[in-house]
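One structure is given here, and the rest of the page talks about it.
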Amino acid sequence: MKALVLLSSLGVISLLAELFSFKKLLYPIVLLGLIATFIFNIQDWNVANNTFYNMLQFDNYAIAFSSVIILVAFLWFLMAEGFFKEETNMTDHYSLVLFALVGAVILVSYTNMTMLFLGIEILSIPMYILVGSSKNDLSSNEASFKYLIMGAFATGFLLFGIALIYGATGSFDLATIKTGISVQGATPTIFYVGMLMMLVGLSFKVSAVPFHFWAPDVYEGAPTVITAFMATIVKLAAFAAFLRLFDVTFFRVSASWMNIVWVLAALTMLVGNITAVFQTRTKRMLAYSSVAHAGYMLMALLAMNMYSNSAILFYGLAYSIGSIATFTIVSIVAEARGDDGIHAFNGLGKSNPLLAVVMSIALLSLAGIPPTAGFFAKYVIFTSSFLAGNVFLVGAAILASLIGVYYYFRLIIAMYFKEGNSEKINVEMNHKLLLIVVAIAIIALGIFPDFVIRLI
Amino acid sequence: MITLLLIFFPLLAALMLLFVKGEQVKKIALGATIVEFAITVMALLQYQQGNTTQFEVSYSWIKSLGINFHVGMDGISLLMVLLTTFLVPIIILTSFNKDYRNPSRFYSLVLAMQFALVGVFVSLDGFLFYIFWELALIPIYFICLLWGGENRARITFKFFVYTLTGSLMMLGAMIYLYLKTEGVHSFEIAALYKSGQGLDLIHQGYVFWAIFMAFAIKMPIFPFHTWQPDTYTVAPAQGTMLLAGIMLKMGTYGVIRWLLPIVPVGVASNANIAITLSVIGIVYASCIAIVQKDFKRLIAYSSIAHVGLISAGILACNVQGVQGGVIQMLSHGVNVVGLFFIVDILQKRYGTRDIASLGGIRNLNPQFAVLFLIVLLGSVALPLTNGFVGEFLLLNGVFQYGAWTAAIAGLSVILGAVYMLRSYQSIMLGETNSVTVSFAPLSSSEKAVLIILCAAILGFGVYPKPLLDIAGPSVEKLVDGVRLAMGK
Amino acid sequence: MIKLVGLVPLLPLIGFVIIGLFGKSLSKGIVGVIGCGSVLAAFAVSLGIFFELTGQAEKSVTIDLFSWITAGKLSIPFSFLIDPLSSLFLLIVTGIGFLIHVYSTGYMSHDEGFARFFAYLNLFIFFMLLLVLGSNYLIMFVGWEGVGLCSYLLIGFWFKNTAYNNAAKKAFIMNRIGDLGFLLGIILIFVTFGSIGYHDVFEQAKNMATGSPVLTSIALLLFVGAMGKSAQIPLFTWLPDAMAGPTPVSALIHAATMVTAGIYMVARSNILYTLSPVAMETVAIVGVCTALFAATIGLAQNDIKKVLAYSTVSQLGFMFLALGVGAYTGAVFHVMTHAFFKALLFLGAGSVIHAMSGEQDIRRMGGLKKHLPITHITFLLGTLAIVGCPPFSGFFSKDEILANAFENNKLLWFLGVLGAAMTTFYMFRLYFLTFKGDFRGTKEQHHHLHESPKSMTMPLVILAVLAVIGGLVGIPEALGGKHMLEGFLKPVFEDSSFRMVHSMSHENEYMLMGIAVLVMLGSLYYAYQVYVKNKTLPAEESEDLKPLHLLVYKKYWVDEFYENLITKPLNFFSDVLHKLFDNQIVDGFVNGIGRFITWLSGILRYAQTGNMGFYVFAMVIGIVLILFTRIF
Amino acid sequence: MNSAIQVIPLEWYILLSTVLFTIGVLGVLFRRNAIIIFMSIELMLNAVNLLLVAFSSFLSDSKGQVFVFFIMAVAAAEVAVGLAILMMVYRNTKSSDINVLNKLKW
Amino acid sequence: MITTYLFYFLSFLAIMFGLMVVLSKNPIHSVLYLVLCFFTIAGHYVLLNAQFLAVVHVIVYSGAIMVLFLFVIMLLNLNKETEPHKSLWLKASAAVASGSLLVVMVASLKGASTIQSTNTFNPSIGLIENLGTTLFKDFLLPFEVSSVLLLAAMVGAVMLGKKSIK
């Protein structure tokens, strides 16, 4: 709850910066604010009374996820400093991002459908806007527009689902619903329909196939920093919400959604990875990769066992920091070379060893090669999936991972093998720092994952 | 503690090397690996003869998942570590006449590779084993990618994906076994043995194949071998040596340590197919080696043939076969490094590896011819060379599995002679030609390498007892356990 | 002395190491001294061992050196066995070896590879001694392969010549084929008996039933090895080619010692064969066939060494015939006498070639009698010995073989006699064409003709003496002898003795000897008629030959047959495997997966049309499908 | 006057909402004019609102109606943002045809 | 009885106007039909005793949102029948897709009659008093949080709407 308040206040403060003209100070203020939020957030760890108005519950699960989100957000801010350079919209950008974070935090802690709905919207609406924040860039416009329409369309289904569940159980409260569906025995049919519609709505948010079509286009069109934000924080929050709703609330009726999620997971992994193979532009490729990663996380969600929560948390964290690194490098390279095609990376190993090494580490992590965080993330997911008996899904995941290696390595090969522009790219100090920190974090998480795994 | 030292010393050295500039890199790398070898020798001296696992170290690593950092060495592991630490300095020495771009990176990767390899051989925790197993892939991939030959991007990538495919299957099987462990799940080797042995026939079969695939691809066994000749050919000489000399042994070692005892019944009921594949591979690769024009490629195929025999012998699962496998791993490591080094020597001097275009080098440098011949004889397993001891034991082991199988496997004895002598004749004998006008004398490092290798070839051919004694009790214990679990 | 047996192989090995490492910097004289000296010393020790053994009651002594290979219950010590058989072979190997070493100092004196040659020879002696000394099959195998290696090195001694190299390679590979059989035999022995030491194996084998399949398998597998090493059908073609090596090598390795290793092995394993009638028959049949087959080829060869080579193959066939009919002593006896006279003949041939400046074609020789008196006389003695003229050594050994064959099977005897007749013919053909008549070579060669130096003639003389009197150790009882050799070897063949029944009457023996001598004389007369009286000369290459003659002259096209039936198909098959199967199918499949994924990706990405209408449409379809699951 | 929910079966309301919702979906699928697509989405949301109110009445529970307020708020926000985006797009493309926006693909 | 007829009548109108929204070619007409449709829905609200909501609905939707639509249409000059021709199969597939969606939804929603209301019927829940209590007691947090939403939307709309300074 403290996080929520702090983040909202930070958002408001950034709006005030315009009025009271302390815009220059805003960047440090936000960074400090995030650190403070992080600290206050983890103070509630293991605190017993943590439910607020039966709407939000800051249990360990929520705190773990929100801490990870805040952490990733912090890294993201380090990456995205350039995004806040533009004078005119600077405060708007700050506040929108911070409000989106509020939405994300709500999504990890909600206990009521109302909060779920509001959380999704608070997260989404700033995103619609931020995606379109390069106002004169047609692809940004297009991305924003597509995202908005499809998002609203999906929200329609989500709401219809909520309404039906309300009709069937008479409540928006997750706990009540949970007990309701177990007590009544013969749960009304409309409940199941509602549940499936919510599944559709959330699948859209996590970009599961076949509700993923927006993702590659939007990711490509959006400013790279916003793409990074969507690929990391939005996805993580959506999964936390998904997990809370389905693995906890709808646990007892899992039989009626498991098979569907099974298919969605398999399709998502395979389609995402396969389609990425043909991409020649890094950003779009990473977009497909992001789709694919959602598939793996769905696997963990599907497993519904003691590993699921930590698997998704860890996977989300590993994937997020990996993505932050890759997107940072992609944006640096794309800006310097004027192009985000894979060939722009040719010869990077020679001209900018640091970028190349960090990129390699991040890509290896995304591909799931030990000893990186990505490997361990996949490992936990495979374990949980195996435990749940989804052996074939693991098989599909292995296949998908192999395909994934195919395109991640194209970048590595381009960097180290292909001859290319040998002109050194200037990297700002904070980006260098960020990249080094992230690279170390990726490896450290791969070697000592226990710290995160044990959280929840 | 010595095990930890063995594992992490190369890693430290690798990191250190990154910061060394200039000519000193080679020497420092060589020095570091010699120190590592000295540590191994210390371990050898401290090793108590017997079948127990020694130098054990165990730390809780990922507590919540029952994963421990558990390492230790029994005879088999010790020999594998010995092989690694013996060969790596030699491999580094082979590069003394070569100037690689970014030498600090190159040698750092080689040492990182050593770190992973030693780790593979001493791991006593399934997860740790897997980590090291995969870890070994990364340095070698970059070695091949950065310093390899033509078409390397495509070929090394294929290598990477191919081996990764196998690894992931193994990971699947490991997780499956892990989840079957009793009580708090654990990756401890003993726990995995127990859970594997507790499975029924069908499931042991699945696990067998999943794990075997990883090893089969790494070794490689027919028909999973097609990455290998290309990769060996395209890799830089030192990379090839690492691949063939040591990395390949990860597969065979894996079969001994992580396949036989885990699913004995699965082995009993499925090994016939695996052995058949191995044996087919022997003849198949030998035949193909006969028609190779590129000497490096020829050796690559010959390696497939050799490793097929090792695999068949080990899977036959008797003391002679496994013991032979262990010994042959060592011998093959030494011999194949020697052969690839000879290829390197030739290529450096003549810029070609085409067997037909060389000739008459014996006229120019008899000394080289003799050393080459000794390595070659080791490779064709002439008695009193190291190759023979292993091959005899292996054939013995396979014979106990099936006489006809052994007869077919034994064809390698003949075919090996055919392709090896053919290439020796074409390269070394006869008159010199326009390509081989002169032969720059062997440098001292080249001489040193060849002489050390030849000494090892002859020394352990005549007196293999020390090696056999180290491996023997451990092998017997392992095989006895497996056979007991098989119900034989 | 027996305790010092380790020295016997060690001395030549030391010689090899010294010459091998420092040969370049040593003078030829010193190299010769080291080379010959080490073998002479080994010979001296062997003599000592021989006398000590004859003097003591214990006829079988095992000397353990060190444990070599252990794996589970398989334990192979590196140890030597001294018994009559091995001590006899020790003497043959070191004795003949020494003589040939001495001969080589002369023969090779002008060769630049002098030191290398002696190094190889010493190495060969070392391995040969290991072969005969080993106390178990694996040590024998070590020597077995080792001599194969030396044979390879020495055949290809003049390594610049591609044909020689091919011959060397062929020898090695053919030997390896046999070696595989041998190796499998050893393994089967281990599997059956749990040991491969001679002592353990024979002790257990003794108690097994006659004709048990496993014994037969073992015996046959070992025999495959013997076929390879001793150049029996079908693995004989390498031996004639092996004449590419320097002549002393042909004498030592490809006549006197190495090729008899097969005989040694079968004789050593006599009990296994005795208990396996099938194997015995096989050995006998292969032996007699080889004897005849090689003899027929020998009839038409024009290369002096080739004739001797086929003669060797043929004589080895006789030895196997002897083994096959259970005449183990006879076989060993023939090994010994053959070592004398065949070494003599080869060295004599070497002397001729030396004198003829390298010419080997007998069509270019003739009338050498007056130019090379010592060579001529010793060669004649050797010829008489090989054709079995009494009382030369060959007479006794061949007689014993034929007598035993007669006892066993009349047909075998008849074929043996036929082979002997052919032997007489081709040997005298060789002799007549070389030494009688007029010189047919070039002027230059004629001018150059000279008797060989002392170092070469001395061994000839010694060997001639041995060839003449060597048979005396085995004079049969029918002729009033005691057959000392049989008595000496008795402990070795004791276990098999129940098969060797000497029921033949002396009359019969006389009759057989008579027939043999008559046939020999007849054949000799015919050869005389043809080559001395009528001065017929073998046809030149350009002439057309009659079919039968052509068949024999072309050696039955066996080499071509092998070439077309094995080598070429193997190459073709390998090529197909490589280019088609490996590259296209196996690898094609692997790459195909990659290509398929890429192709699929190319297709799948078109789903991403960029058109929002389609996206929504896909979503709706997805929803419909999901809800569809609810209806059912 | 009785409440409709007392005389009309709940199914009819569900059916009515479903039909209206589907009409909204049809609009999104059918039209290319972005404005009309927005309106269709509004129609979908209103179908949901109707459903909620019907349930709320049926269950005699005011939470459903309160939820409708939130939907309205969100709908208003969405429309505001959506129309802003539309204006922005229109400024760049001079079109409100969604098919003009297909530069991002493949 | 009247209620029943009213229900059928309003339902018919709602569906008809809804269809008109989708099918009419002129955006202005669509907006107007949508307004009408919203009025019928408001009528339903009244029928369902949700009088306050009905009023709010009319104010928010018909009053504010629809005016906004109209405003934009006018501003952008979209009031022409500009929509290009859609190919027949596109239309057909849209119709089939939404048709099958309808079928599937209806089919899967059968059996809603099993829902039992646990509360006794209370006609006054739709009154402002009840709603206010619920909103400000149970739903206070969402209410507060929605302010963040509106603030974000406002900031965003302003940011996007204003002309960028070049």
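Structure notes:
For reference, chains read A, B, C, D and E in written order, and residue numbers begin at 1 within each chain.
Please note the rule applied: contacts are C-beta pairs under 8 Å (C-beta built on N, C-alpha and C of every residue); 3 or more make two chains touch, one makes a residue touch a chain.
Since this is a predicted model, take the numbers as computed values, not measurements.
Common partners of chain D and chain E, by the touch rule above, are A, C. Counting hops only between chains that touch, chain C reaches chain E in a minimum of 1. Across the two interfaces under comparison, C-D and A-B, the one joined by more C-beta contacts turns out to be A-B. A comparison of C-alpha centroids places B closest to the centre of the full protein. The greatest centre-to-centre gap from chain C, using C-alpha centroids, is found for E. Put simply, the C-alpha centre of chain B and that of chain D have 66 angstrom between them.
Note: centroid distance chain A to chain C, computed from Cα atoms, is 78 Å.
Centre-to-centre spacing of chain A and chain E amounts to 31 Å, using the average Cα coordinate of each chain. Computed from the mean C-alpha positions, the centre of chain B lies at a distance of 71 Å from the centre of chain E. Across the assembly, chain B contributes residues 161 that each touch 2 or more other chains. Counting partners per residue, chain C has 594, 605, 608, 610, 612-613, 616-617, 620-621, 623, 627, 630 as the residues that reach two or more other chains. Counting only residues that touch two or more partner chains, chain D has 10, 14, 21, 24-25, 28-29, 32, 38, 54, 58-59, 61, 63, 70, 74, 77-78, 81, 84-86, 88, 98-99, 101-105.
By the contact rule set out at the top, the touching chain pairs are A-B, A-C, A-D, A-E, B-C, C-D, C-E, D-E. On the side of chain D, the complex with chain A involves touching residues 10, 14, 17, 21, 24-25, 28, 34, 37-38, 41, 44-45, 47-48, 51-52, 54-55, 58-59, 61, 63-64, 67, 70-71, 74, 77-78, 81-82, 84-86, 88-89, 92-93, 98, 101-105. On chain A, the positions that touch chain C within their shared complex are 146, 149-150, 153-154, 157, 189, 192-193, 196-197, 199-200, 204, 210-211, 213-214, 216-217, 256, 259-260, 271, 274-279, 403, 406.
Those residues of chain E whose C-beta lies close enough to touch chain C in the complex are 90, 93-94, 97-98, 100-101, 104-105, 107-108. Of all residues in chain C, those touching chain A in their complex are 594, 597-598, 600-602, 604-605, 607-608, 610, 612, 614-616, 618-619, 621-623, 626-627, 629-630.
The touching residues of chain D, when paired with chain C in their complex, are 25, 28-29, 32, 98-99, 101-106.
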